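First comes the structure, then the notes that go with it.
Labels run A, B and C following the written order; every chain starts at residue 1.
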Amino acid sequence: MQLERLADTFFNLQVMQQYLPKIVEGFFVTVQIALAVVLAGIAAGLALALVRAFRIRALNFFIILGVDVLRALPPLVLIIGFYFALPTIGIRMSAWVATWLALSLVLAAFAEEIFWAGILAVPKGQWEAARSTGLSFVQTLTDVVLPQAVRLTIPPLTNRTIAITKGTALGAVVAVGEILYQAQTAYSFSYNPSPLVLGAAAYLILFIPVVYFGRWVETRFAWKR
Amino acid sequence: MGGDRPILEVRGLHKSFGALEVLKGIDLAVRKGELVFVIGPSGSGKSTLLRCCNRLEEPSSGSIRVEGVDVMAPGTDINAVRRRIGMVFQSFNLYPHLDALGNVTLALRKVVGQPRAEAERAGQQALARVGLAEKAKSFPNELSGGQQQRVAIARALALEPAILLFDEPTSALDPELVGSVLAVMRELRESGMTMVVVSHEMRFARSAADRVIFMDHGLIVEQGTPEKLFNAPEHPRIRDFIASIEH
Amino acid sequence: MDQLIQSFFNLEILSQASPILLSGFWMTVKLTLVVVPLGLAGGLVVALASTSRSRLVRWLTVIYVDFFRAFPPLVLLMFIAFGLPFLGFDPGAFVAVALSFLLNTSSYYGEIFRAGIESITRGQHEAARSTGLSGPQTMAYVVLPQAVKNVVPDLVSNTLEVIKLTSLASVVALPELLFAARQAQSLTYNATPIIAAGIIYLVCLWPLVRLLSRFEHRQIALH
């Protein structure tokens, strides 16, 4: 008897059917934001790390400062800040952009640190050998150092990226139409938590393969301590 | 008069790793106070033989008895049996988070259940026996390889085992540190400890071993006194092997 | 410039909002002091479970960890906060947050502990077992002390993440710092409280970030 009520409440097929299209819509929005965040964040992080390789004191100071700030602030605070605080000084952006920007900046900060540590870890001898054969600074960086550095950075980078893309759910707080938002809205319209179950399933479908991919990457590129 | 019953009795020991049979039927009896030296090419199964004796490897078939106790029997308390068998490893395996005294006394405190003060006294004694009494508070990373191995020996000694198994104890040491460890092993023998040593230190075998065993491809090919094995072995393979090691 | 100061650094608004912000801050601290130890303990249990000799236990552990690492924490929180009442009990916001955080953080901490345990070489196990120490004794006196020491940087890193995670509690109306800031903002129509909250987070967490940066460099360099 209890089981029936449970099924009716959490697995109400009628409600699920009704709101499935919305959840699917939200699924695509989630994927959209996640991809945009990953691309922007990693590209920006790599670019910043490369800039840091030129060791220009003044620039580095700002890079380090910015990275520290972005690693210390909760992403949700950033999203709220971009969406609610910035408009008061005239900078407006959509909720989607606010979410994307916040998450990308955070990922960029972590990625920069990871790439930089990887670059530093390539032995100085590699630089010396390459330069002594006449390769320029940039050539050495791109053809000798980076390939080695990237290998070291893949496991921590994958982990961090996965963690941050789960932050796309935070977009629901500012009404971005991703999975959680759709599920929440459906829940408040129907007074039934089944859409939440549907939303949970959608996230699992999305992220379980991602986590397994991450695990595979970790073991493939693992280094012993 | 040597002990009536062998301290270690191995009968028909077979061990396979998957499809690879590493031990193809080993019979061995080690009497009290004997120093048995095991030599042979790599892959011959010497280490595996040792590791089966305290069940770090599970034998595929055969029997192993230590002081009459069947190591393989399901009812045997393996932790209690292991107190009677001391093992010294090629890579020392000292606990890096404990100092020398801590390494030596851990089992005394947790397995034997001795109170700390008593355990530390016994531990100091063991360390003194290997010549490292003053290093009790040093951590493994502060000690040389030879010192670490001697602490490992003290760790095994502290439990007052009936037999000590040495798995290539000096192979990971720089040549100039080997002597200090061999000296300890010699002293142990003189005091009557039963020992089985897997090693390439032929000179040590010549001078200290009671019996030398040559193993190849998972079988004992020949065994006898050092004089016999080193000077007049029946199998020419053995002569070649020893010649290649001693160069 | 003037507008910037008026909107973001308005001292008058700040003094109005400071009581709310302060109580929000304390709630964040309270939450952290509950959630972090819970997560650490849970993680240790999970890691030990992953070393179990029972295949079933190991398998269940893997499922648990993969599940809660795949599940976005906010979604889990909403699920527990809004779903549980339908099952008959309403635990309140704090418990809902604590429970969802426990589930989430125990899998992350669990993975960290597990990696630490696995990094301890077999030789250590063998040396300990060869002196007669039992499996549990070996774990307690030889393996865990070394494993935990090895993963301290990762533990600190994850703890930083957990502290930042507390801001999620604002979504279920738990009056922690971010919630307080948003409330103050809507009451005063001024963004200063949000900026203030941001600065508070920064001041508290920046030292941890610096510390971690040092660790990370050492870690990658020691590959």
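Basically, contacts are C-beta pairs under 8 Å (C-beta built on N, C-alpha and C of every residue); 3 or more make two chains touch, one makes a residue touch a chain.
If you're wondering where the values come from, they're calculated on a predicted model, not measured in any experiment.
Taken as a contact graph, with one node per protein chain and an edge wherever two chains touch, the assembly forms an open path, each chain linked only to its neighbours along a line.
By the count of C-beta pairs in contact, the leading chain pair is A-C. Centre to centre, using the average C-alpha position, subunit B and subunit C are separated by 48 Å.
Subunit C has its Cα centroid 18 Å from the Cα centroid of subunit A. Rounded to whole angstrom, the centroid-to-centroid distance between subunit A and subunit B, based on C-alpha atoms, equals 54 Å.
In subunit C, there is no position where the chain touches two or more neighbouring chains simultaneously. Taken together, the subunit C residues at the contact with subunit B in this complex read 121, 123-124, 126-134, 137, 141-142, 145-146, 149. Subunit C makes touch with subunit A in their complex at residues 3-4, 7-8, 66-67, 69-75, 78-79, 82-83, 86-87, 119, 150, 160-161, 164-168, 170-171, 178, 181-182, 185, 190-191, 194-195, 197-198, 201-202, 205-206, 208-210, 212-213, 216-217, 219-223. Residues 54, 56, 79-83, 85-87, 89, 91, 93-97, 106-107, 110-112, 152, 155-156, 159 of subunit B touch subunit C in their complex. Partner subunit C is touched in their complex by these residues of subunit A: 6, 9-10, 68-69, 71-77, 80-81, 84-86, 88-90, 113-114, 117-118, 120-121, 152-153, 156, 163, 166-170, 172-173, 179-180, 183-184, 187, 193, 196, 199-200, 203-204, 207-208, 210-212, 223-225.
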